[in-house]
Amino acid sequence: MIKDDKNLKVRRSHRLRVKIEGKVIGFLVGSAAFITILVTISIVWNLAQQSLGFFSEISIIEFFSSTRWSPILIPREFGIAPLVAGTFLVMIISSFVAVPIGLAVAIFLAEYAPNNIRKILRPMLEVLAGIPTIVYGYFALTFVTPLLKLVFDDMIIFNALSAGLVMGIMIIPFVSSLTEDALISVPNSLRQASYALGATKFETSIKIVVPAALSGIVAAFILGLSRAIGETMLVTIAAGATPNLTFNPIESIQTMTAYIVQLALGEAAHGSVEYQSIYAVGILLFIITFAMNTLGHWVVRRWRNVY
Amino acid sequence: MPREEFDKALDELQETIEKVQKLVEKMIIDSVKSLENRDMDLSNKVIEMDDEVDKYRDDLEQKAIFLIASEQPLATDLRKIITTLRVIMELERMGDYAEGIAKINLRIGETELIKPLIDIPSMSKKSIEMMRNCMKAYKNTDVKLAESVCRVDDEVDVLKDRVINELLQIMMKDPSSSRQATYLIFIAHNLERIADRSTNIAEDTIFLATGKSRSID
Amino acid sequence: MPREEFDKALDELQETIEKVQKLVEKMIIDSVKSLENRDMDLSNKVIEMDDEVDKYRDDLEQKAIFLIASEQPLATDLRKIITTLRVIMELERMGDYAEGIAKINLRIGETELIKPLIDIPSMSKKSIEMMRNCMKAYKNTDVKLAESVCRVDDEVDVLKDRVINELLQIMMKDPSSSRQATYLIFIAHNLERIADRSTNIAEDTIFLATGKSRSID
Amino acid sequence: MTIENKINKVSLKVKDLSVYYGAFKALEEISMDIEENQVTALIGPSGCGKSTLLRCFNRMNDLFPNTKIEGQIIYDDIDIYSQAIDPVLIRSKIGMVFQKPNPFPKSIYDNVAFGLKINGFVGNYDEEVERALIQSALWEEVKDRLNDNAFSLSGGQQQRLCMARALAIRPDVILLDEPTSALDPIATVKIEDLINVLKKDYTIIIVTHNMQQAARVSDKTAFLLSGENRCGKLIEMDATEKIFTTPFKKETEDYITGRFS
Amino acid sequence: MTIENKINKVSLKVKDLSVYYGAFKALEEISMDIEENQVTALIGPSGCGKSTLLRCFNRMNDLFPNTKIEGQIIYDDIDIYSQAIDPVLIRSKIGMVFQKPNPFPKSIYDNVAFGLKINGFVGNYDEEVERALIQSALWEEVKDRLNDNAFSLSGGQQQRLCMARALAIRPDVILLDEPTSALDPIATVKIEDLINVLKKDYTIIIVTHNMQQAARVSDKTAFLLSGENRCGKLIEMDATEKIFTTPFKKETEDYITGRFS
Amino acid sequence: MSTKIDINSSSLSRRKLIGFLFISFCLLGVLVAFMGLMSLLVQVIIQGYEWVTPNLIFNYPSRHPEQAGLWAALIGTLYMMGLTALITVPVGVGAAIYLEEYAPKNWFTSFVEINTSNLAGVPSIVYGLLGLSIFVYFLKLERSILAGSLTMSLLILPVLILTSREAIKSVPKAHREAAFALGGDRWQVVRMAVLPTAFPGILTGIILALSRAIGEAAPMVAITALVYITFVPVTPMDRFTVMPIQIFNWVSRPQDEFRGLAAGGIIILLILLLSMNSIAVILRNKYQVRSEE
């Protein structure tokens, strides 16, 4: 045997105990990781199973081709188009707010703000990002909508515009903090190189830092919008419950998520078609957001610069 | 190719060495010529040339030492520079001997020589040949040639002994020639030392090539 | 204190130098003593000692060169090592001269000397004194002392000329003594060269202290 | 002796320059002349203010908050710290290359062309890019892959690309802050060779920790040292050979022989 | 001549060692003897496999996936790669210090005690910690602040702390992977002095890019080189003085004199 | 290009102007963002401050606004948080440790990796659907607080895994190497060298994840079905409600009084959340400074 512990006095049983302990812990943490896989599988399996029930009664062709969504009122019709349209309408409106402002905030914080201002603003933004969505819903309904009514007097109380604008505001912190992370991860040496070539601050920011962080910025936008699609309470409260195939922002609409909430509240009978319809909507929602998230992460991975 | 600048600097050292070699060669030839021709002007010129050699030596030492400081040479490179320092020293000393011959010539003055010079010029020729060969060996790091130089040295020693014996004979026959004979003995001695110096350079070459020290003697 | 190892290595070099100095000193003293006492054994011993000196020299050169390779010395440090290389060379050559004296003594053989030795021993004393002083100057990087050594050299030269003249007189008077007289002249020459070497070391010391090259001559 | 103090034209004249980071005085009353078409090396122990001094020459210190400068740096008869001067202009005349190679995440071509674009160059970009790459001894290695990303180059090539990028806008002076400290020995030799070539046309100031490098590439060497109060001072400035063989000041000698503690 | 090939006891015997990273062969049939209480330096150009070889000695390569080893390393009459051996045991006998100082974000004391705790040491911790700190020449500097965070030390002190941490568990062999490449010259000298002291009691293997450093600290030097297929081989191993003054192989000479390209 | 410095370069002043316009735009963006968010807070406070009374906290919900309170929801929220934490923390941190320290790098782990980041982006309402069918109906937990906690756990598990992994990842590799080189077993290395350093980061992750769970209403809508609860849950199998649900309930009523009540509830909710978030931010800032040293 190796001249074990020629000099050092050690407890005999020590090694063995360490070994056993290690094995047990290894098993435990391994099973913990396995749970995450279980979750995914159960989501997919559960959504699929429930919506299979739905699609055995409603043809998938009607689901995608019909332009009317009327799950309760007779004649019942299950055309998903109005819900998808409503969802995307809100998302698009919110992107007009969140993308430019989020980028501007991020560039300001990462490139321009003096250290002390950044130190205040950044945590503030983070805290604001933690405000529950229900609060934004309340805000949209009680503040933004009345304000908008001053401009559009024929506007309905529950409308896409108000929800979209507030949604935009809501995801600004999310977009800007992801964007800022991307900007900050651009090494300072690149900025110095640019300044040393006689570039101004603006040129450095726009021509060096932003391109270098582009993948992260794009990913931030995609992930932000994906969030807008999956957002529930805000649109439930502020955007209305009227499945409406329209792109007029001042009309009342219903998003996919809002529909799910509406049905879940109604205590639809377990196993009925209405009950199963929320899973059909849910799986579509899952697929859309999953695709966008995958795209976002892929963009980061694929185009990231390694410094 | 890496280390271009360094190689260039090494080449420059070599060039200086060769310049000095030519100068010293001329000094030896001229000093013996001045002796043969009783040419005091030429002797004076030889003495002046020594200053030039010294200047080159100083310059080269300065450069070599700075090269060691700046290039951190190792292995062959380091031996090369160290050898250069040794070789330039030997060359400079050879110049000193030539200067010595010229000075003795001045001491002998404008009188006739007590005997026709035969062995001394041939010693001078041999020494110069040795010098040329050892410098060639040094330049090309040619160990074989260097070793052959060491052998020629013995021939010069034989010649020197012959000169001394001959002069001793003359002295005994004609005591009044003692002074000049002694001077000539010193001249032979100087030439022999010049040859010794070539041997040293040959040994330095062996050190350069193999890293083996010189105490083969 | 940084560079401890390096300083230790430099000290070791200095120790070797001092050992060699002692050896060479003994060689010079013994060679002259063997001449005075017609002691052939002592002469042979001196000749043997030269090998020891050579060994030290080789060893020290090896170490010094490796030190340059490994320590990247600059400024004073570099000059110190380079100077060490020069000094050991001078010392070794001084040893060679002592060896030369011993060899001449062997050639003179067991005969009586043609004259009592007066100036030669005093030359030897002067040279040894010069050597001690120059080595002291070297050790302490003492420029003043070094410069004074250079001046003593002239005294040795004067002595040497006196010896030569005296011996020339003897030769002229008694041609049969020519051979021995010539030998004695060479011995004086050797002692004078030993003194010259001390001067060289003194000049090396000045280089070490100031970085100024030696061609002040 | 070949150590000659040649008198060259002065390119940058530093007069009583002091630099403060907030309350901390990093450099005190530096005065020196940087000569034209010469390589000047700045050496000294870590933290003595070499980089700080270097950054003064192209006003890069302006980018750090709380930096204050006293004294003058005269370039082209103008004090570059005078009110009328915009640092952006200075920087297009005085280029800089940094310790770590820092190419932009763009193509090789775009890296070199960046400075030209920024400075509104009108003319043949291809020509200028080629010239800069030739000057930085990189052309042969990259001429067939100008559109490749700069990160595909090796570290040494990246550093030469950074040189090319600085050279493209035809500066007068090039500042190098330990340009080889992140490179392997072979790449280092290439950069040093490059410096030796460039000094014919440019005034170069280089900060380096490697004394042998300073000895190899520079004509003049300045030794800085920070005292008790951590404030850097110029101890000695002289011909490089002089500094590295027989420096005048004891501090210099101590630092150069590694006996500084 | 003082270059002597003293015959020392062999501490680690490498026999026909080849290392693969997946399909890539990083080292080919290395055989060498590491002698006891000697410093062995591994030198060679970047990527020739020095670190790989070093990591073989304490089986740190096991931590990289897909690493495969052929051949043997005999330590204490046992092949450390044999089935019966737990790498954990090897590592407590063969310590390692890395390129960058990597103290744990703990107190100075806890850093040194860390290995003791891991190995289940029972006894007087204070004593052992003090001994290790004294051995690594750090005690005087830290004895009054053992509870300070290790990050409060300077880079050179941190590296000596890492030495102390490795020494605390009383290893036989210490592996050093470019231990000074992240340090300034003065800290470097201190580490070198330390190595010179430690070699009386430990067998030391050091990887270094700095040839002068190898020359200064080591007794034996091994030169590795990777060929066409990027696979590292041992070119020459000999007494350090020999390698740096008169190497036997042309490749070694070329590398040492910087003529390797 | 001229050699001389051209002090009055006109192109430079143009470049400077563009830069000025740009920063003005950025500042405008910042202003809008903060105005938006601030007006939200101001609106809530204006409308709700007078409703923040002991009644609001200690009463059960009621049809009469002036008597209505949050008590059941508040306790429900805290109860659910506790259960959720119990479930999520060991699983989340364990999974993170496994993925960072134990798992070999292969297709499986990279799948798990992508999977967790995607799960983190799945809309919360989908988790609600999942909980509804699996916990409520399939496992027959009914609309209990346990079903709610399990659902919430699923929701925040990916977030917690991600943040914990980041925290573990931020421990330098060098620390692991050093610990291994000292003869450490893998678990010893994790326990003694990695987790102590990663701990503040993990803790921050836990707080942030829980605070997200507190604010989430959508999945709870699906689980609780918005019933009218006038008691405090005792066992995990009791029915329950949580604060966001109660607020949603009030918001949905047309009467202005209930809107005010909702605002009051929001204020309470925000105070709870902001204090949790602030702790997390403070913790993280402190920890970031340390790791930069």
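Points to keep in mind about this one:
Letters A, B, C, D, E and F mark the chains as written, and numbering starts fresh at 1 in each.
Following the convention adopted for this analysis, contacts are C-beta pairs under 8 Å (C-beta built on N, C-alpha and C of every residue); 3 or more make two chains touch, one makes a residue touch a chain.
Only a predicted model underlies this, so the values are computations on that prediction, with no experimental measurement involved.
Identification of common neighbours of chain A and chain C yields D, E. Shared contact partners of chain C and chain F, listed by label, are D, E. Among all pairs of chains, A-F has the largest number of C-beta pairs in contact.
When chain D is fitted to chain E on its Cα atoms, the angle of the rotation, on a 0 to 180 scale and to the nearest 5, is 180 degrees.
Both copies, chain B and chain C, contribute mostly matching positions to the interface they share, with over half of the numbers common to the two.
Chain centres here are Cα means. That of chain B falls 21 Å from that of chain C. Inter-chain spacing, taken between the CA centroids of chain C and chain E, is 48 Å. If each chain is reduced to the centroid of its CA atoms, chain A and chain B end up 90 Å from each other.
Those residues of chain D in touch with two or more other chains are numbered 1, 88-89, 119, 169, 186, 189, 212, 215, 244-245, 258, 260-261.
With touch defined as above, residues shared between interfaces to two or more other chains in chain C number as follows: 2-3, 58, 62, 65, 69, 72-75, 78-79, 213.
Among all residues of chain F, those that touch two or more other chains are 15, 185, 188. All chain pairs that count as touching, in label order, are A-D, A-E, A-F, B-C, B-D, B-E, C-D, C-E, D-E, D-F, E-F. Contact residues on chain D toward chain B in their complex (touch as defined above): 1-3, 186, 189-190, 192-193, 196, 212, 215-216, 241, 244-245.
Contact residues of chain E toward chain B in the complex are 1, 211-212, 215, 244-247, 253, 256-261. The touching residues of chain C, when paired with chain E in their complex, are 2-5, 58-59, 62-63, 65-66, 69-72.
Contacts from chain A toward chain D in the complex involve residues 114-115, 187, 189-190, 192-200, 203, 207-208, 211-212, 305-306.
Per the touch definition, chain E reaches chain A in the complex via residues 75-76, 78, 85-86, 88-90, 93, 116, 119-123, 169-170, 172.
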